[in-house]
Amino acid sequence: MQFRQQEKGKYLLVHASGRLDASWADHFSSTFKEYIRQGQHHILLEASEVSYLSSAGIRALVQVVKSIMAVQGSFQIIRASSFVHQTLQMTGFESWLKADFPDDLPAEDTEAQIPDESPFELYQLNGSTAMQLSVPATWVPWKAFNSNNLSSIRFGHQDFALGIGAPHQSDQDASMHMGEFLVVGGNVIYQPPREGDKPDFLLPEKAYLPEMHCLQALHCTGDMPHLLRFSPKGNKTYFGLGELAEKVLTETGSALAAFVIFAEIDGLVGSSIIQSPGLLKEDRIIPFPDIKEWLSFCGERVFPRQQALIFGMASKGLDGKKSPLLAGSTMHKNLFLHAHAAVFPYLPIESGVIKLKSVTEKLFKGPPPMALLHLLEDSRPSTGLGESTLIRGACWYTAINTNQEDTIWA
Amino acid sequence: MLNVNNLYKTFAPGTVNEVKALIDVSLHIEEGCFTAVIGTNGSGKSTLLNAIAGSFKPDHGRINLFEHNITNWPEYKRASLIGRVFQNPFAGTAAGMTISENIALAMRRGKRRPLTAAITSRIRDEIAERVKTLKMGLEDRLDNPIGTLSGGQRQALTLLMASWLRPQLLLLDEHTAALDPKTAAKVSEITKEIITREKLTAMMVTHSMQQAVDLSDRIIMMHRGRIVEDLRDEMKARVRISDLMQTFERVQKLDLFDQSVAEILEQQFV
Amino acid sequence: MGIVLSAFTIGLILAALTMGMLISFRMLRFTDITVDGSLTLGASVAAITIINGWSPWLATLVAVFSGAFAGMLTGLLYTRFNIQMILSGILMMTALYSVNLRVMGRSNIPLLDTKTVTGTTETIITGVTGGLSQINIMGWPVSVSDFSVFVTALVICIITALLLKYFLLTHLGTALRATGSNPQMVRAQGINHKSMTVLGLSLSNGLVALSGALLAQYQGFADVQMGIGMMVWGLASIIIGEALVGTRSIGVTITGAILGTIFFRLLIAIALRWGLNPNDLKLVTALFVFIALVAPIWVKSLRKTIWGGLKNA
C-alpha cells in the first residue's frame, strides 16, 4: 500500500492506494497510529484507489478507529472504491463511510503555514487558585535515620506529592524499603529500591486511601487550575523540563509552583535509589564508587516515545533563599527544581482542554508503569545528557502560597 | 559440589593489552544443577569455564570439586572429573581418526590406557548402541574419519563423548554457537536430554538467552570479570528473556556511571 | 639384479626410519630433526658394542634404546622447557654429533669381519641351499650373503611394522595418534599430551636408531656423518608412500611408508646408475621433497585457473 498525506486545517487527509489485506494490515495500522502520535486526531481516508479490503484490513481499520476514538478524534472514509464501499456496508461499518469531504475542510494545505504560531496553548480550569504545601519529612542525602523520622501520610484525591518513602505496614518495615515515589491526585507510584524491580502503584478507591511512610516528602493539597498544552511547531520539536517549569513559574507569577506533566517522552535523564537509605549506619557523603550501590544513573537519554507522568515543584527562589529540597538548575538561571517521573507505555491523549483526573483514570486502567526516575540535569561538557525533554503533552500547574517562614525554605 | 572461591585472573598484566578477565569470582554449584553462564563479549564467562577446566592457572583463588582441591591440577588430570564440549566443533574430536576411535578415547577419560586393542567387536557394539541414541544415523559410519562429519554431528558426538563416562561436572562452552540455527536447536535438545537422563551437574556458557532460559536451572550473568546476577530457584523460574536483556542494559549502564556522574548526583540529588 | 636387491635391502632397513618419522611427523605433527643425530647414534652404539664382542642382536637392541633416550630428551626439551619444536630437535641433533664421536671414539668404525644380525639368517639359508655361495632368484644369480641380508631386513621390517601397527591401535596408541591431531581434545580426555609427545618421540627415535644400527651392519661401517639429511630422506619416503597407497588406515599408512622408502631408494639407485653425482644426492632429495610439498597446491591453483577460465568464457 502507498499513502500520501495532506494537512488541511484540523484534518489530515490521507490518500491510500493498493490492497488492504493481511499482508498490509500491520503496515496500515502502524502508519495511522503514527499519525495519531503526531497529534493528528481527525483523519480522512481517501480510499478511491483502495482496490481490495479483506477482514484483516477491516480489523486494522477497527484498531485505528479505536485509537482515534480514545483521543476524541474522528475518522472518515471518503470516496471509497465500490469494493471497499460494499464490503464495509455488508460488514456493518458503513458509519465510517462519507460520500464527500466535510464542509469545514480547507481547500489548501495548511502544512507549514503560520510559522510563528505558538507551540503553547493555555487554558483556565476550575478550582482554587493556589495550593497548600506541607513538608512533613525533610531528609537530605545521606543522613542516617530511624523510623521515628518517618511520617505517615494518607493520600486522597486532591493530594500531590513527591519524595522518598515506602508503603508498608510499619515504619520499621518501611525504612528498609525506602524508594522514590510520586503522587498525582492520590494515585501513588512507588519505586522499590532494588534495581530491575518494577514500580508499584497504589490507587485510592472508595474508602481506601494509599498510605506512605515518608522519609522525604513535598506534599501539596488542592486543585491544578491551569493547563498548558504543548506540541511541536516548526523548528520547535521538543520541550525541556526546565523550560516548562520556567513557563509555569512565569504564568503563575509565583515564587513556588507545582506542576503535573503528562507527555510523550523525547528522552529522560535521571536516577533512582537502589538501596534503601534505611540501611545507612551514619551520616555520610557517599563517595564514588560506593555511590553506585545506592543510586542508579540512566547513562543515556531513556524511554523515548513512551509516556511520562511527572510531578514536580519549581521555584525561582524566594528573596535569594533557596530550598534544600529543590536542586539548583545548571542549565536554567535562577531555577530550582525537584521532579519525579513515572514512565508508562505510550498513551495518546486528546488535544485541547483535558482534565487531569480523566487522564489518570485512563492511565491506570492501562499497562502498569515501567520505571520511576528522579529527574536530573546532566550538564557535563561534551558527554552530558542534558535535561529531560518531552515531545507533546499537557501540563497542569498551580501556584503555591509560601512565605519566608515556610518549612520548605528551612 | 563445585566451589569457586575468590578467583582472579589477569591476562597480559602490566601491558597495554591487560585484561582483568576474572575479578574476585566466587561461585557454589550444587550437585545436579544445570547452570547457564551468560554475559557480554569479554565478560569472562568463557574464562571462568576455562579456569574450572584447567586451561590456565588462576592468579589467585581456589577451585574445589567435590572433596578435591583442583586449583593446581593440570588440565588433563581434571578431565577425570570433568567432561567438556567446546565452541568450535572441531576442537572436541580428532579429525583424522574414526568415530569409533574418537569414542574409544573418551571411554577411558581419566583412566589408564593399556596396551590392548582400542576397538574390539565388543567395544564397537557398545559404541554403536549409544551412538544410535543420537538418532543421526552415525552408527553406520563408525569407521569414517570424524572429520568427514558436519559440525553439528561432531558436536553431538563430542557431547556424547564428554558424557560417556558420567562426569562429575560437564562444561559446555558456547557449544551451539558455531552451528546453524536448526542444528543448534538439535544439539540443544540432545544436551538437555543427556543432562536430564544422566542427572549431570553442568555449566554452560552461552550467548543465547533463549537457551539459558529454556535449558538451565540457574542463570549466572557475568560482566567485566564479575558475576553481576545470579538467578536461581523461583527467580530463575519466572525470568524471561526481556528481564535478562534489561539486566544486561542495567549492567552496561553501570559502566557509564563514573566520577563525573557522582558529582552531578552530589549536586542535584536532593 | 644386484642393484635392485641392494635397493630393496636398504629400503627395508630405512623403512624403520620412515616408520619412526611417521610417528613424529605425521602423528605427533612434530618436525623432529633429532632424526639426523639419532640415526647415527643407533649406528655408532651398535658398531662400538659389536666390535667389543657383544651379540649383534643385543647391540641392535641397545642402539634402539639409545635412540629412544635421545628422542625422550628432545621431547622433554619441548614439553618441560617449552623450547620451540624445531629448536629442541636442532639442539639434540647438535649435541648428538659430539655424543656420537664420543661413543665411537673416532669418526668412523669399520665393521668388517664382525658378526652381524644377518649371521643367523645366512647360516639357515646356507643350510637350506647346501653350502652354495650363490643362488638363483628368478634367473638372476645372487650371492647368499646378499640374499641373507635382504631376508633379515625383510623379517625385521615386517615384525617392526606389525608391532607398530598393533601399538597404534591400542588404547595408548590411539591416544598418541590423537595427540598430534588435537592436543586440546586429548587433554579434555584426560591424556597428558606432554607425556604422549615424549613417548612418541622416544618411539620414533628408537625406530630411527634401529634403522641406523641395521644400516651400519649392512654397509659395514658406522660414520659420524651418516645421519645427515636422513630426515629429509624419511620425509620424501613418507610422501611417496602416501602417494602410492594413501592413508586409509594405519596398516595402509605403514605399508605405504615401507613401499615409499623402497621406491625412493630404487629411484636413487637408478639415478646414480644414470650418472647422478653422489654429491648432488642430498640436493636432489631436497628438491624432490620441495616439489612434493608444493605440487599439490600448484595443481590446485592451476586447476582453478583453467576451470575458472572456462567458466568465465
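A few notes on this one:
In order of appearance the chains are A, B and C, and numbering begins at 1 in each one.
Note that a residue touches a chain if its C-beta (ideal position, glycine included) is under 8 Å from a C-beta of that chain, and two chains touch if they have at least 3 such contacts.
What you see is a predicted model; the values in this text were computed from it and never measured.
If you sketch which chains touch which, the chains link end to end in a single open path, with no loop closing it.
Using CA-based centroids throughout, the chain positioned farthest away from chain A is C. Among the chains present, the centre nearest to the common Cα mean is that of B. Here the spacing of chain B and chain C, counted between their Cα centres, is 43 Å. Look at where the CA atoms of chain A average out and do the same for chain B: the two points lie 46 Å apart.
Put simply, the C-alpha centre of chain A and that of chain C have 86 angstrom between them. Annotation for chain B: no residues touch two or more other chains. The residues of chain B lying in touch with chain A in their complex are 243, 246-247, 250, 252-262, 264-270. On chain A, the positions that touch chain B within their shared complex are 140-141, 195-196, 271, 285, 287-289, 291-292, 295-300, 324-328, 330, 338, 374, 376-380, 383. Interface residues of chain B facing chain C in the complex, by the touch rule stated above, are 53, 74-77, 79-80, 83-84, 86, 90-97, 101-102, 104-106, 108-111, 113-119, 161-162. Every residue of chain C that touches chain B in the complex is listed here, in rising order: 166-167, 169-175, 177-178, 181-182, 184-193.
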